[in-house]
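Chain naming follows the written order as A, B, C and D, and within any one chain the residues start at number 1.
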C-alpha cells in the first residue's frame, strides 16, 4: 500500500480482526446459552475442551490443519465465484464430483508410477468439480437460470451419483459387497510429510492454491477481468470483457477448486470413496470460511484453520463432555456465519451520528471497513454516497 | 405573503464531507422559489432533508410556523410537502395509476383503482396533462413520466412541491408546458421550490432565489426581478467570474473516420429504436448528437461500441466494417468511449484508480503481456495520468468511489483520451459536474479534436451542444432529423427539432 | 437513528449473553466424563458412531450397548455423526484421554481404524461389520442378512396376495445385506412369492419412505418391511393408513402403527457390544471375525403386537430362527 | 384407473408442503427478499408443531405454536437481512444450518435420543361430504387433509391480495424499486420484514403439515430439501400465486412419478428415479428464466443513505 505508515498498517490489521473477533465472541456467547439450556455441562468447560482440541497442543493443531484443508478449497471456490459476482452454493456437489472423478482414476490403474498417477488423479479431481461448475455456468449464461437453485439441485444430484457409483460401477469387488470403492492405489495417495504429525501434503497443495488464487485474481488479466465483472458487469462489458465467458470460466475454476478439495480429502484422508464420505457439509462450511476470510487469500487460510479448529475442537468437546451433542457445534458454526455476514451490526458508527461541532472528522472509523469492503459483498444497489 | 417553510442552520455531514454547512432557507407561501447552485453545491441534499430522505446532522425545520421533525417522506407528505426527484421514483413494471396510488394513505385495503383512475384523469385534465392511467410506466415517454410524477404529488394534495432539476430531460417545448403547470399551481395558492442550475429558466419562472455554493448559502431569498444580469447570478453561484465559453478554433475536418449507413436497430421488445441512421464523423471535428434522453442515443452508441448489434445497416471505422464486432474488437480498432453513466459503466467504484485506469486495455501491451498484468508500468502510467488530468486523489491505490464526481469523470475522460483512439465517443461528458470541471473536460475534448481525433459527442445540454460541436445531429425517436453546422444552430431551432418538429429549420436565422 | 438501535440491540445481546456465561460458571460441571483424579481401576470405553443416536435403529442400539457396558462398571464416552474424515481424530482424542476400549460402529471406519490403531497399541479396538483383525483390533460382523431373512420369511408367511415389500434407506452395507436376506427369506418360505425391494437413498426423509411404501401397497404388496433407521417410521405409518401389515426392524417403530405392526425383528446390537466387552474383560478374544446374529441372540423376534397371529406362523418363524442360529440356513451375500 | 387416482391424489398431497411454503416465499420474493432459509424455517415448523401438539394435545394448537415459533425464527432472518442488511443468501444458508443444529438439540433435550416418537394429535384425512363420493374426481380432489384444501384455497386469496389490495401493491413495489417506495412514505424495511414473517407463517404451516399431516412425528433433518424445492417452485412459477400452484403440482407430480418408478422398476438403480425432481427443477428453470417477473430489487438490501 502506498503511503501507509506502520501505525496505519497496524490500525488496518486491527480493523480487519475486529469484526471476526466480535462475531466469534457473540456466537460463542449465544452458543453457551444453548449449552446451558440443553445440557448440564458448563459452557466454559465445554469451550475449554473445544479450545484445547483445536489448538491445545501439536496433536490438536495437527488435527485442525487436516480439517482445514478441504475447507480451504471450498472456501476458495466460493471466494473465486463471489469475486466474479456469482454465489456458488454448489461447492458441496462439486466437491463430491471431484472426489468421484479422482476415485475413478485413483483406483482404475494399478502399477502406475506415482509421478504420473498422482497428478492424473489430482487433475481428474479438479476436472470432476470443474465440469459441474461449467454446467452451472452454461445454464446460467445460456438460459439465465438462477445459479442459486441450480447449484443446490446439482448438489442433490451429485449425492445420488455418488450413491450410484459406489453401489455400482465403482464398488469394491475384491474385499466385500460394501457400498464403497476399492482403496486408492498407493501411487495415487498423498502422505504425511512432517515427522510426528499426521498432516499430509495436501496442506502444501492448499497453500499453493491459495497463492494461485491470489496470483490469478490480482496478477493475471483473466483474473483482473473476472474481478471487474464481479464488481460491475456493465463496466466489464463496456471495457470489452465477455461477461458470459467470464462467468462460465469463474464457475469452471470455482468448481475445480472444490473438486480438488474433494479429491484431496479422498486420496489423503479417507482412502476410498464411500456413501458416507460427505456427511460433513464441506461446501456450506466453506462459505463461512470464505466470508470470515473476507474472500482474501490469507483471510481464507486463517479462517480455514479457525474452522478446522472449530471442527476438531467440537469433536473433543463431544468426547470430553457426555451430554453436549455435536449439534451444538453446528449451532455455533451457524451463528458464526450469521454474525460474520451481519458484521455491520457491530460497526462503531461514528460518522453518521457525530453531532460534535468539530469541523474535521476523526478519520476513518471501523465502519469504513464494513461499508467500503474490499470484497464485493456490498450489494450492488448500495447508493454511493453523495 | 406569509412564510410557509423555514429551514434554520441546517448542517449535514456524510462522514468527513460536509454537504450542507449552516444553511438557512425560507420560502413564502405561493411563490416559486429557486434553489440555485452548481452540481454538488448541496441543493438536493437540502431538499432530501426537507423531504425526510436524509436526517440533518443539526438544525431545525419550521413548517407553517411550527417546528417539525421530518424523519421520513411519510412525515413530509403528511405536512403537505411533495417532491419530484431528478431520477424518477416510478416503477416501470406497474401501471401509471398503480404508481400514483402507491403508498397513498387514503387507499382502502382493497384497491379501488377505477375510481382512483377517474380522480387521476380529472386532475390530469385540469392541468392539461394527458396520461393513460392504465398504461405501464415502462411504456411512457420521459416527459410523460415527469408529468406522472407531478400528478402523483398533486394526488396527495400537496401544498408545497419541490421540483429537483425538472427540466434536465425535457425539450424546450416540454419545459414551456411544465412552466404552464407551475404557474397554474401557484395560481391555486401552492408553493413551488424549483431546483436548477440553469439561469434562464430561473429567470423565466421564479420569484425569488436562494443560491448555494459548496454547501453554504451564497445568497438568500434574492428577488429575481432585482437581478439585471445573469452573469451576476452565475458569479454568486460559482464564486468567480465564469468563462462561459470554451475557447475553440474552427475545425479542419480530415478523412472520414466513422461512417454509419442505414443503421437500424430493433430491441428485444420489438420496438424499432433506430431508424435508418446515416452520418459520418471526420478526423479533427466534433459531431454532436443532440436530443432528449431516450430517443435512441444510448442504443446508437451501444451499436457503435459493439455492446448492441444493429439489426441492419453498416458501421465503418477507418474503412473497416465493425457492424458485427464485439466490444473488445471495437476497442481494438481504436475507439475511446466516455460512457453515459460512469457509475454504471465507466468505472468500478470498489476498485482502486490504477485498476480503473487499466480496465479497458488490460489485455493489451503495455498493460499486460502473455496474460500477466504489468502493475509496475501501470503505476507509472496512472501517476502520469492523474497528474495530467488533475485528478485529485491521495494515491493511485485509492478506491474510485472515494473520489468526488468531478474527479471520477476526469479519471474516465483521462483514461479514454490517453488511449490511442481515432474516434472518441463522449456521452454526456459533463453530466453532473460543476462548471469548473465541465469546462476542463470540454477543453480536453476540444484539444483531442485539435490533435486530429474524430469526436462524437452526445449531450442533452443545449448550452454544451451550442458550444462544443462543429456539426450537430438532432436525433428524435430513433431518426436523425437534421444535420446542422454549428453556426446554423439556434436554441429554439434545436428545441423544435428535439421535440420532433422538422419545420424547425425555418426558424434559423438567415 | 436506526443504527443506534442496532447497536443497542447488539450490546444488549452481548450483555445478556455474558451474564448467562457468568451464571454458567457457577454451575457444577457434572457432565464431563473425564475425571483426572479418579484411580485408573475402572475401564474407559468409547463408542464412535457414524450416525445419530436418535435413529431408532443401528446407532441407537449401539448406544444402548454402550449403556449396558456402563452398567458393567465402565466409564463411557461417545461421538455421534462422526464423519470418516474425523474418525482418526476421534480415536486419538479418546485414546489420549486414557480410554481402554474403542468401538467403531461402522464398516466405513475400517481403513482409518486400522491405520490409526497402530498409534495406540495399548488400546483395544472393536470394529463392527469389518474384516480387519490386528493385534489390538477385533472385528465382529452383525448378521444383518439374518434379520432381513426373518423379516422376509415372516412377511411371506403373512402375505395373502403373495407380494411383500422391503424398503431400505441409504444403500449402505447393513441395508443392502438386509435386503438380500429379505429376498432369500421370503423365497425360503414361498418360492413363488413376489418381492418388491427398493432403497429411498435416505435415512432422514420419512415422507419419501412413506410414499414409496404406499406405492408398494398400490402395487399389491400387503406386508411392508422397513429397514431405514428413523425413516422406517414412515413405512410403518403407511402400513397403518393403507391397512396392510408391517414388520418392524427395531423397537419403538410400532408406536405409529398400532394396528399394522405385527412384530419387530430386532437386531439388538447392544447385545453384541456387551458380549464383545465381556470377552475383552475376560481376555478371551478370538482372532477370527465374530459373527453376531441369531446364534448370539443379537437378532431375535420381538414380542408380537397383534393377538391374531396364528401359533402356526409363530412356530414356523421360531423354527427358521433356530435354523439360522444353528447355521442350517446359509444366506448368500454376493 | 385406480393407479391414475392414486397418482393424482399423491401428486396433490406431495404438492401441498411445497405449495404452502412457496405461497409464503412468493410474497417475500416479490418484496425483494431471496429466502434460502425456507428449508430451515420448515424444519423449525416441523419440530415446533410436534412439540406443540404433544404439549397441548391438539393438532391445531400445535400448528399455532409452530407458526409462532417459525415466525420468531423468521424474525432472526429478517433482522439480519433487513435491519443489518447482510447478504440474504449467506444468511439464509446460515439459518438452515442453525435450524438443523437447533432442532436436533431441542428434540433431544425434550424427547431424548433413543425413545419412541411421542404420541401426538395429528391431522386426519377429512373427506368432503358428498364430493368425496364422486367417482375418480372424489378420491383425487376431495379426500385429503384439511391443510391440502387450505393450501389450494389460499391460491386465489394470495392472488387477490397480491394484485388487488393495497398491501399487495406495496409488497410488489418494494421489491421492484425500494427507493421509489421510500419517497412515497412506504416503510421499505418494515414491508420486507413483515413479508419475511408472513413467509415464516406459511413455512411453519408447511413444516407442521410434513410432521403432523404427512407423518405424525419429527425426525432429524426430515424436510430433506423441501424448502429448496419450494424456492425453485416460486422461480418456476414466475413469482405469481397461480404459477406457484402450477409449479408445485409439477414438482408433486414428478415426486409421485419418482415413487411410482421406484416401485415399478425395481431393477433400475434407485438413484436415477431419485434424481428426477432435481433434474425437472433445473430443466424447468432453464425454460422459464428468460421471461421472468423476477423483481428488479431481488436479493439486494435497501440501504438508505
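In this section, a residue touches a chain if its C-beta (ideal position, glycine included) is under 8 Å from a C-beta of that chain, and two chains touch if they have at least 3 such contacts.
What you see is a predicted model, and the numbers here were worked out from it, not measured in a lab.
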Listing by label each chain that touches chain C and chain D gives A
Farthest CA centroid from chain B: chain C
Contact-pair count is greater, between A-B and B-D, for A-B
Whole-angstrom distance, CA centroid of chain A to CA centroid of chain B, is 44
Chain A and chain C have mean C-alpha positions lying a whole-number Å distance apart equal to 33
Averaging C-alpha coordinates per chain, one finds the centres of chain A and chain D separated by a number of Å equal to 29
Chain C touches at least 2 other chains through residues 6, 171, 201
The positions of chain A in contact with two or more other chains are 39, 160, 163, 167, 325, 327, 345, 352, 385-386
The positions of chain D in contact with two or more other chains are 84, 104, 108, 179, 271, 274, 305
Per the touch criterion, the pairs are A-B, A-C, A-D, B-D, C-D
In the complex, chain D touches chain A at residues 34, 36, 76, 80, 84-87, 89-91, 93-98, 100-102, 104-106, 108-109, 179, 225, 228, 231-232, 235, 269, 271-272, 274-275, 278-279, 281-282, 285-287, 289-290, 292, 297, 299-303, 305
Contacts from chain B onto chain A in the complex sit at residues 13-19, 40, 45, 57-58, 305-307, 326-332, 337, 339, 343-351, 355, 358-360, 362-363, 367-368, 371-373, 375, 394-397, 399, 401-402
In their shared complex, chain A is touched by residues of chain C numbered 3-4, 6-7, 10, 13-14, 17-18, 20-21, 23-25, 27-34, 46, 50, 77-86, 88-90, 92-94, 96-97, 106-108, 111-112, 115, 131, 170-173, 176-177, 201, 333-334
Residue set of chain C touching chain D in the complex reads 2, 6, 52-54, 56, 60, 63-64, 171, 196-202, 204-208, 210-212, 214-216, 218-219, 230-231, 233-234, 237, 251-253, 255-256
Listed in rising order, the residues of chain A that touch chain C in the complex are 25-26, 29-30, 32-33, 35-36, 39-45, 53, 59, 63, 66-67, 70, 160, 163, 167, 175-180, 183, 198, 265, 269-272, 274-280, 311-312, 315-316, 318-327, 345-347, 349, 352-353
